[in-house]
Each structure stands twice: as C-alpha cells, then as structure tokens.
C-alpha cells in the first residue's frame, strides 16, 4: 500500500515536473523569439546601413533626385521639429501632471475626466492626429490667421513646421503627463506635509519641494516625448513634412524634411527605390541610433528614479 | 516656578492643575465637542480638551485610538487627507481655526509640527532650517544665518552640525535628522509645537536627547506630544490625556494620572493590561 | 514698531489673506490641465466636422454630381457628333502617354492570367468580362474603337494611382524595359504582375455588381449620389475614389484592416503574454534583466523602421521561403504589425501579472504548488482582466497603426479571405490618399470620415478598458 502511494505520488511528481518544464520552456521560447526578432531587426538594419554611415552622409543634402548625397536637412528638420514640439508638450504635460497629482481630488469628476482624456489621447491612432492637425491647425487656425492678417495670401493655412510640431506635441502630451506624474508620486508625502506644516502655501510646496524632487521624471518625460516625436511619421504626413527640401527650415511657416518621412519616401515613393536601398538602410540606422540613445537614457534615468523610491 | 499669568480677554477657559490648584494657566489651544470623520468612519467623537500654554501635554493611548489624528486637527494637517471632515470647535488663542475665514497658512506658521518619521528635505542642513524663514519672506542672509544657528542650538544639534551646514541633511543619523527637523520647525518661531511620536523610530540615546530637548523647549513653546511610550509621557509631560477608540477618556496632571487614574480603562492601559 | 522681521508676527487673527500670485498660478494650472481634455473634444469635433458633409451637406455633393453628369452628357454628345478623328486624336494622346506602360501591363496581364489559373479558373473569360463594362464607361465607347482601347488601359492606370509603390516600380520598369532584366527588375515585374492580378480580382467583383441596365449617364449620377450614403459606403465592395465614378465602398478596407489586425494579434498576443508570464514567474534574474530592456527597446522602434524592415527585408525573405505570389500582403503586414503591439501587450500583461499580491503567491507556494501551478492556477486567473485589457489595447494599436500598414501590406483594396493577398487598411488609406485630394472634396470628406471612425473605435476600446476591465481588475485583486 505504502509503496503504491509512494509510486503514485512519484509519478504525479514526475508529471508535475514535466508540466513545469514544459510551461517554462514554452514561455521562455516565446520570450526568446521576441529577443531574436529584435536582434534580427537591429542586425539587418545595421548590417545594411553601416557602410554608408559617414560624416558626409550626415552633413550633406540629398542630391540627384535623392539617389545620392546625405540626409542633413532631414536630421536638422527632425531636431527642429522635436525641439519645437517639446517646448509645447513638456511644460503643458508637466503642468497637467502637477494638477492631477497635487490639486485635483483623486476622485473628483474633473480629475477623472482629465485622466480618462489623457488615457484616450494615448490610444488614439497617430494618423487621426494628422487629420486633426490638418483640420484644426491648418484649415481652421491657419486659414483663420490668413483671412484676418493677409487675405488672399496663403501663409499659415498650409502645412508647416509649426503645425506639425503642435500636432506632434499633442501626440506626445500623454507620454509627458504619465512619466511626470509617476515621478511626482515618488516625492514622499512626508516632505509635502513638512513643508505645509512650516507655513508654506501649496504653490510654494510644489515649487520648492515637489518639482525639484521630480526633476528626473520631467526629464524622462521630455526624452521619451522627443524619442516618440522623432520616430512618428503619420501625424506629419500632411501637416508639414516635405518630400524633398535641400535647405533647412528657416521660419515657422516653412516645411521641413524628417528622418522617418524620408525613409518612407525613399522606400515607397521615390523614382529609384532600388538605387537608394543603401541610403534607406543608413537613414533607418540613423533614426534607430537617435531613438535608441534617447530611450536608453530615459530607461537609465527612470531606473534611478525607481531605486530612489525604494 | 512660574507665576500665574493674566488671562487675556479673548480666552474663555483656563486650566487648573489638580496638584497646583492655585495656579491658573493660560489656555493656548482648546477643543469643544470635536468630531472627526474619514468618509463614513468616525475617528474622533466629542473630544473636549483645554491645553495650557508653555507646558508639555502628552497624548497617550493604544495605536489607532485617534491621538495622532487629534494632533493633526490642531494645525489642520488633516485638510490634505481627502474625505476628512471635522465638526466642533478648535480654538488657538481663542480663534476658531476651522472658521472658513481663517487663513490656514497663517495658522501653520504659529502651530509647527514634528513628524513621527524624520523627514528632512533632500537639501543641505542649512537649507532645511532656513526653509521656513525663507518661505515667510526673510531674505537677509545674515538674519537667516542667525536664525539657523539659534534654531540648531535650541534643538541641541548645533555642535554636531556647525562644520557641515552645507552638507546634505540626509547624511545625518536618524536621531540627528529628527533634531534637524525640530530645528526646522523652531526656525519659524511657532507658538505651539506639535510632536507626533518624535522619538518612536530612534535609539535610546537619541530618545533621551529628544526628551531633554523637550524639557528645555517648554520654557518658550506650548508643546503637545503624542507618544505610546508611557514612561516617556511620564518623564516629559505636565499634563496627560488618555485616548481610547476615538474618545478622550481622561485628562489630568501627569503625576496624578499615573499614580491615581480615575477611570478603569486608564488604569488598565497604564498598568499594561492592554495596548 | 521696531524692525519688522517676518518672524515677529501679531497673534492669530481671522481673515483670509488674498495671495494674488498664488491664485493666478493655480487658476492657470487648472486651465492648462483642461487642455488635454479639450484636445479630445477638439479632435473629435474637427475630424468629424470635415467628415460631416457626408451626412449633412448632401445638397452640395448632389450639386457637384449633377454638374459632373451634365458635363459628361455634353462630352458624350460632342464626341459622337464630331468626326471620329477628334475623339480619336484625344485617345491617341492618352495612348501615347501611357504607351510603354500599356504594352507592359497588357502583356503582364496576359502572363499573369495564364500563369495563375488557381485564382481565376478561366482566365480568358475573366478578362473578357472585365473589359466589356469598362468599355461602357467611356462616353463614346460603342461608337469608336479607339476609345475602347483607351478604356482597356484604364484599370492598370487606376491601380497604379492607388498604389504609389507599384507605380514607381512599373515606371522604372518602363524606363529600363529596353535594358537587360536585372534581379531587381524581375522583382518589379513580379510586383506589377501581382498588382495587375489584384486589380483584376477587384474588377471582377465590381463587374458582378454592375449589371444595371440603366443608361450610362443616369447611372453615373445615381451612383455619385449614393456613393455618399454612409450605409452603402460601409457595405460597398469597391474602393475606387479616383475613377470617373468614385466609389467609396469600405468593405475591402474593413476586411483588410481586420485581416491585418487579427494576424498581428494571433501572432503577437500569445508571444507577448507568454513572455510576460516567463519574466514574471519562471525566468531567472539574468533572463529577466535581458528580456525586459530588449522589449523596451522594441517599444522604442519607430513604426516607420518596422515598416521599412518588413518592406525591404522580411517580405523578400518570406517570399523566397514560402513561394507565394504577392510580395507584400496582409500576412507580412500582420507580422510586422505584431512587432509594434508586442511591447504594449507585454508591458500591460506583465504589470497585471506582477500586480498579483506577493502573499497570494507565497500562500500558493507554501501549499506545495510548483511555480507553474502557481502561474496557471493563481497568477493567470487573477490577471485575466489585465491580460484582456492588454489584448484590447494591442488591438486598438494595430487597428490604427499607419506606417507599417502603408509600407508592408501592398495597399490594394481587395475583398478576399486569402491572407496572402495584398490588402488596404483604413489608416493606410488615409495616409496614402490624403496628400492627393482636393480640400473640401467628397473624397477628402470620406477620408475624414474614416478618421472619425478610427477615433470612435479606439475611443470605445479605451472606454471598455477604462470602465469595465480596470474595475474588474481592482475587484479581483483587492477582493472588494
């Protein structure tokens, strides 16, 4: 009897072990697949692009119908657009995050509405932002400005870097809000209480204790927003990105070249797709390097922040 | 011994210590029929208590009895907790502090607070202590230096910190941090100092230092201290109030209360039958 | 009073101090934080506003339709009244313009129909059916032979317009047609074959619907009117926004979007959820610390980079390996799309799995459960709402993703269940066509309508997650 019981439990134990190995094996394989996919993507893009990755490529304008030359205007255009975008998205996002975590009562209808709006904003497809930019910024605001200040002259009522940046700023707003709010939450309640108990007003507490304490989170939000803005193409397809523009943008009303849009144009819209494949690889590599650098620094900053919390 | 003080016209009640019935103390803080709710849950019911000026008053009781909550109503720190509702009357110097016309910032300037867990700002020691005066508008660097030195001396930590005033306060030990926090609270020159279990997280030596400090401070400040350490209450306080499940059970002269409690619950608590 | 220090102050008094700066900044913060909420409203209002003529501004559309049909009648009359040479000349021009193209495409078509008997059982007949009604499209078709020829060229031309990528390839092909065929050229031809066929399929479907006996002009006017009917739009089987009679049937787009989205979910969701299970349960520390950053890295991949990878690298490899006909199809698009949704599903599932309180896990382990038993009997059931939320949000992302769909799905609006045929998604339609439409045009309004639909759809998905799933999750974990 005892032996039989032992055997049964032994067999059950073996089965259990088998299932365990199977479960961890299958899930591990899934994780491995993802890692391998990422590896293949990085390797094939870098493998195809490193040969052309030269100083000249980074500092020259495209030539001969974009089949030769570099991507200088695209890099500068991307940088200008993301900077302009973060001038709008970062302060606005930080202020909204401060409102949500410091002013709003957590269960008030207003705060819940805004929180829901932020979540929705984060899930709206980027192309819809593009449509919005076209319908609101260009057709409504831009045309409105033109009608008032310079009737008959199309100046603001057409795609340009300002409208593209504002569209992109709206897209990256939730990114900023979420990371700043997370950072604000790491500022201990004790410190706020201490400041208030000393007779500081709410605003003084925020300005002197909360914001300095969440600086790294604000920075993280900014970096993530820039990374997102540098990589997104759909919102600027018809709000300001230019097919080909050898000079860098000189005014808010000028169009601009963008790395991501340049990749799209070269690989699907240009006259010589095959000829430019090496250029496409290198442009993609440059964009990847840009977003990776930004993302990795955000990850490092954020993990520091989390350690601080512990 | 202190002389009996004149009762200023705004003050309606006064305190007489049972052991010193001839001495009339000025009432600094007074509560009448205080009820406090967290949402639907009642945390304090019908608390009425007069607290004398320039004396140490200790609140004792088992954890969760509402003593810390009561302390936080005295400078309206409960305002920051959502869903917290206070009814009844709390006066400081005869002014109802829950009057909608009262400026809570003005109140907190006068009623300072030291928290259970030491919570120095992640700044230098000097910045920590000067924070309050700066907030109140003091810009003169010379004056600020004086205030910092005075406060640190009062908190008995000047000798230990005078060479490292511009180092981060987070580099100090727990006991030192707590004394810096006390110095920070003193720097705004409050009239009342609320202390929420200031020594509960400290080692015996630091605790002794803090107790010594409290004894020194009562010359200038009205001190209200929450503790669940009865020996500590017995050592430092003049007046003791015993709280149990949101109610004030008994209040009286400390020596009197510890030797001759009038209520059964107080006696049970003091003799260690529960809590 | 002696020197007034801020620390010497009068006793406590009643009376609120009014701090203007404080008040001003606080209201400013309140106002600005309202913007993100206002943005949602504005986005809806402005996307919908541009789409609204479809519902409310019918008269305008009708007017333009009437005008166009008038023009057409005039055109038809003139061409029939005038000598054949006039219309013949006009036709010649067109033929010349597209001469080289015509040659290629016609031959290509024949090649293709000859080759691909599996798709169209009797290739010859299909071609016949295809061209007859199209010839009817030309105003003077029945009278002149040349006109008929022009119309024969029409379908490829349209296909080209709709698929810019292919346009490039065929143009290149046209240029280099005299040169020796290189490997790239072969690829280009392959693509154009694929597209000609895709188009042939679309045409066939159209023909089946179009056996009306009404006179040409009346039919045109009618169709124009009805093409702006929302109900008909949703169920219409043809998406031909730039033909002489624009057709805005969204059925191919719906099917295309669903195909790509479902493929990406079927491929991506299990991978991501299993990986989340792995890192939250089984994985040793070193594995967790490699996998998580790698997936965060994947989340940082711009979608245009994924699209590029799918277009240039993956499509070729897959085609070489599996030998299917269309290089870009819904399968490639779906797989590429899954790369974009894996990080989302992974992150949210992982959050849900690690949010299961440690005591619950400890209790299970203490009862003698192995890690996998804990995983399947305690963690997964507790995290089901979270995983569900992850899948819904991943679905929403794939549904609205533009660049990958634009670059890797082939962009042909086909109504077909075959996953190896090219498709066109909603977002890709907006991305590809918006740049070329006239503002305020019917086509423009329809594209905005698609945008509004995307918005409403993702909004509803997000609401489900927000109000239903999250509540359930909290309930389960906290036992409220």
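Going in written order, the chains are labelled A, B and C, and every chain counts its residues from 1.
Here, a contact is a pair of C-beta atoms (placed from the backbone, for glycine too) under 8 Å apart; a residue touches a chain by one contact, two chains touch by 3 or more.
Predicted model only: the values in this text are computed from it and were never measured.
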(request) Considering only which chains touch which, label the overall pattern as line, ring, star, complete or other. (result) complete
(request) Check B-C against A-B and say which one is joined by more contacting C-beta pairs. (result) A-B
(message) Based on mean C-alpha positions, which chain is nearest the centroid of every protein C-alpha shown?
(response) A
(message) I'd like the Å distance between the centres of chain A and chain C, where a centre is the mean of that chain's Cα atoms.
(response) 21
(request) Would you kindly tell me how far, in whole Å, the mean C-alpha position of chain C lies from that of chain B? (result) 65
(request) Could you give the separation in Å between the centres of chain A and chain B, each centre being the mean of its C-alpha atoms? (result) 49
(request) Would you please write down the residue numbers of chain B that are in contact with two or more other chains? (result) 105-106, 109, 136, 188
(request) Check each residue of chain C and list the ones that touch at least two other chains. (result) none
(request) Any chance you could list the residues of chain A touching two or more other chains? (result) 201
(message) Please output the residues of chain C touching chain A within their complex, sorted ascending.
(response) 19, 21-22, 25-26, 28-30, 32-37, 39-40, 42-43, 46-47, 49-50, 164-165, 168-169, 171-172, 184, 270-272, 274-275, 277-279, 281-283, 287, 290-291, 293-309, 311-313, 339, 342, 346, 370-373, 375-376, 393, 396-397, 399-403, 406-407, 427, 430-431, 434-435, 439, 447-448, 451, 454-455, 458-459, 461-463, 466
(message) Taking the touch rule as given, give the residues of chain A at its contact with chain C in the complex, in rising order.
(response) 16-17, 19-20, 23-24, 26-31, 33-35, 37-38, 41, 44-45, 48, 92, 95-96, 98-100, 103-104, 113-114, 116-121, 123-132, 134-136, 139-140, 170, 173-174, 177, 201-203, 227, 230-234, 237-238, 260-261, 263-264, 267-274, 277, 280-281, 284, 287-288, 291-292, 294-295, 299
(message) If we count contacts the way the header does, which residues on chain C are in touch with chain B in the complex?
(response) 5-9, 11-17
(message) So in the complex, the part of chain A that touches chain B is made up of which residues?
(response) 105-107, 188, 190-201, 204, 208-209, 213
(message) Considering only the defined contacts, which chain B positions touch chain A in the complex?
(response) 75, 77, 80, 82, 105-106, 108-109, 112-113, 115, 117, 119, 121-122, 131-132, 135-136, 181, 184-185, 188
